[in-house]
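Each of the next two complexes has subunit A plus one other chain: subunit B in the first, subunit C in the second.
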Partner chain A sequence: MYLPLGPGIVRVTPASVQRGATISIDIQGYNTHFKEDDPSLNVILKNDNNLLCASEITIGSSSVINAEYGIPPDLRTNNKKDYYNLIIYNEQDGTFFLRDAFAVERADTAKGISMKCTTILEMVSPEGKNFPYREILYESIRNLFFHVPMWFTMIFLMLIAFIGSILYLSNGKEEYDLIASSAAGVGVFFGTLGILTGMQWANFTWGAPWVNDPKLNGAALGMLVYLAYFVLRGSLNDETKRARVSAVYSVFAFVIFIVFIFVIPRLTQSLHPGSGGNPGFNTYDLDSVMRPVFYSAVAGFIILGCWMLSLTVRYRQLFKIQSEKN
Partner chain B sequence: MKNLLLTLLLMCVLFSPLFATGTENLWTTGKIHVVLGVLLTILAGILVFLFVLERKISKLEKTN
Partner chain C sequence: MFREISLLIKKDLLLEWRMRYAIGGIVLYVVATVFVIYIILSSEKATELVSYRWWSVLFWITMLFTAVNAIAKSFTQENKERLLYYYTLVRPQSVILSKMLYNMLLMLLLSVIGMVVFSLMLGTPVKNYPLFLLALLFGGSGLSFVLTLVSSIAAKADGNATLMAILSLPVMLPLIMVLQQFAGNAFFINIQLADVLKEVAALAAFDVLLVAMSCILFPYLWRD
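Showing the complex of A and B:
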């Protein structure tokens, strides 16, 4: 929980310059450790064709530096505007960069000094353990441990409801109907939390609480399917009939739910990671430092969900015994 | 009541690093409040669940 984010670059000002000019740019870092007289510090602009080294670097604070570049007039490119990645290295923070941080525009008449250099940088990880720094996400990357387990728990509980319904249909024991309907209830509870937390997160990262994303709409439809399950249960008065009809519905609801949240979003483009292909948790999606935290969070919330389910089932069993007595 | 106080105390300890000095970046650029909001939402949800269950159980006890 207290692990800091890795170092990153927040912004660069100004963001563009004409070729041949000498420019001084301010760089705002995040969780960086810039130090005066650090011989390992290297601040370069690089794209596929060119590599530019700073002629002078001034340290403002541990997270602010100013770098001066003389942009040569004879850059190897024919484009009107070229984007450069800003790459920073120092011993403590390792290598980090901002993609397309800086643009150089063509101005054919300009003349300037040539400051090309041939430093070759390797990607070096920062010292100590960090969560990955991602633009837009920043610290909210930690929401992965809270928002995503909600859905895992919901799917797990719906699976219990599905199995319970099948067992009820095969042997007709009332407890299975009780377990299935309680599991669906607690599952909807976790789904609601998943949607609420997702909306808060989306409002910050995607700019609106609800965007037309296939995964969001799929999850909303899946929730509606289960809400309809409770409407169906409420509309039938005869107990055996209610249990039988809702068990059949629940079996189909689970299949539809899985299609809505797993299959359809995977067929189209989505803002969620891992869409439009195989979303398995690979190294790109889930950092090795985050992975153990994430899996324990999922396990914890699933255990919490099962406990809530057992409490609900026990309450309803007691309620039944009580009402039979009276 | 005792448990509630204990939970609040634990939360203060848990969240204290968020309010330490030198964490301006955490709030302005880092937007840690999104994480805090999500956490509080989940906590509120669990509390609502518990309170509803508690009321149902008390009702059951009364009819006994």
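Showing the complex of A and C:
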């Protein structure tokens, strides 16, 4: 948890310039280690066609640098505004970049020739262990270890409730009803935690605690379904009837819940990674440092959920024996 | 089985005919709801401001609550002795399928009435009627399928109306979302059936899923 984030670029000012001008850009870094007289430091602007090398680099502090670029008047541009990725390399921090950081605007319509630059950069990881630096997420990327496993645990417990309900319907043993209803209870607990961590995260990254997103709606729907399940249980007094009727509802609701959270988000837009055209965390965000922590967090939370489930079941069994004695 | 289903539907129609006030009550419910919407909008001087989006929101909310009210009684109106009598005569699947088909007919009737009343009072932004009627067909059948099973669950807890609403609203949500998106296409003249095939397929698949689950689950509810 105390691992620092990797180096990154927070902002670039100014963010655009016209062709033919000489521009000095202030670059604000994050967790970077810029040093005076570092021969390895390289600050370049690059897109698919062009590569611009800084003519002069001034170091402000370990996280602020100023780079000067002379934009040639005959620079090849494809659009009215060509966006460039800013790529920085130094020995300690490795390579890091900001996508579409800087724009070169075309003042006239003449087509120029492409500019050659000899600097070749490969992606180099920073020294030491770091969590990846991501725009928008920043330090909150650690929430991945809490928020996502909580949802996994909830879905896992709901699955147990679903299987327990099916088993109860097929052979009518009382333990299965006990397991199913306890699993639903612990699942709702984890769902609440998932909503709370998610709301905090959404407030930081998307600017509001609740946004209209199919996954959020799915989560809310799951919670509503299982809260309704408990109301249904509460309104039935006969024990076997309660078990049977609530098992039927639980099976029915779980299937619809699964349809909702796995199918609907693929039909509509989502802010979450991995749906609606967004890449999943896997493709570029989950790097080798986060992966082991994330997977063990998922396993840990699921085991914690199962342990809480077994405690609840045992407590309720004991409670029943106790009340039968009296 | 088909004979059983058709007989049971015939029985339901006959019962409905004998208790004409019940269906009259539901129709009145739709008209009164739309009238309330109209009064509130006109007191805000906003009837002209109802865009097609708001029209669609109000329409589907009205349909949703009409459906909950109309279908809630489908199992509570039958007393225990009569259900026991069916139990000796027919398969449980026939009972649930006949109820589902009957409620589907009822919902189709109610949604057409709802559309007419909405158009009369609030005007209509619908441009593509065949598409909208298709949405009503899928929507009405989906809603009635969900609600039939839920009403049989709620009937076990003595048909509490609140219970019916809280049990059914979350499970109807996925249907409503796809439906609203789909029906929204009917507000534009130039949309062809081919453009919305994905949504039609999703709705049809959802309806099939509901029918299958009801047939599997209802036998467990039935025995008492």
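By our rule, the second predicted complex is superposed on the first by the 304 of 326 C-alpha atoms of A that agree within 3 Å, B and C clash if a C-alpha of one lies under 4 Å from a C-alpha of the other, contacts with A are read in each partner's own complex, and residues count from 1 in each chain.
Everything that follows uses one rule, which is that contacts are C-beta pairs under 8 Å (C-beta built on N, C-alpha and C of every residue); 3 or more make two chains touch, one makes a residue touch a chain.
The structure presented is a predicted model; accordingly, all values stated were derived computationally and were not measured.
The superposed arrangement places subunit B and subunit C next to each other on subunit A without a clash. In the superposed pair of complexes, A:Lys46 makes contact with neither subunit B nor subunit C.
In the superposition on chain A, A:Thr197 contacts subunit B only, with no contact to subunit C.
Of the two partner chains placed by the overlay, only subunit B lies in contact with A:Phe146; subunit C stays clear of it.
After overlaying the two complexes on the shared chain, residue contacts for A:Leu169 are found with subunit C alone; subunit B is out of touch. Between the C-alpha centres of subunit B and subunit C, as seen from that of subunit A in the superposed arrangement, lies an angle of 100 degrees, given as a multiple of 10.
Looking at the shared chain after the overlay, A:Ser235 reaches subunit C, while subunit B stays out of its contact range.
In the superposition on chain A, no contact is made by A:His33 with either subunit B or subunit C. After superposing the two complexes on chain A, the shortest C-alpha to C-alpha distance between subunit B and subunit C comes to 25 Å. According to the touch criterion, subunit A has no shared surface contacted by subunit B in one complex and subunit C in the other. Subunit A meets subunit B in the complex at residues 1-2, 5, 10, 30-31, 63, 138-140, 142-143, 146-147, 150, 189, 192-193, 196-197, 200-201, 204, 304, 308, 311-312, 315, 318-319, 322, 326.
On the side of subunit A, the complex with subunit C involves touching residues 169, 217, 221, 224-225, 227-228, 231-232, 235-236, 241, 244-245, 247-249, 251-253, 255-256, 259-260, 263-264, 267-268. By the touch criterion given at the top, residues 149-150, 153, 156-158, 160, 163, 166-167, 169-171, 173-174, 177-178, 181, 198-199, 202, 206, 209, 213, 217, 220-221, 224 of subunit C touch subunit A in their complex. Those residues of subunit B that touch subunit A in the complex are listed here as 14, 17, 25-26, 29-32, 34-35, 37-39, 41-42, 45-46, 49, 53, 56-57, 60, 63-64.
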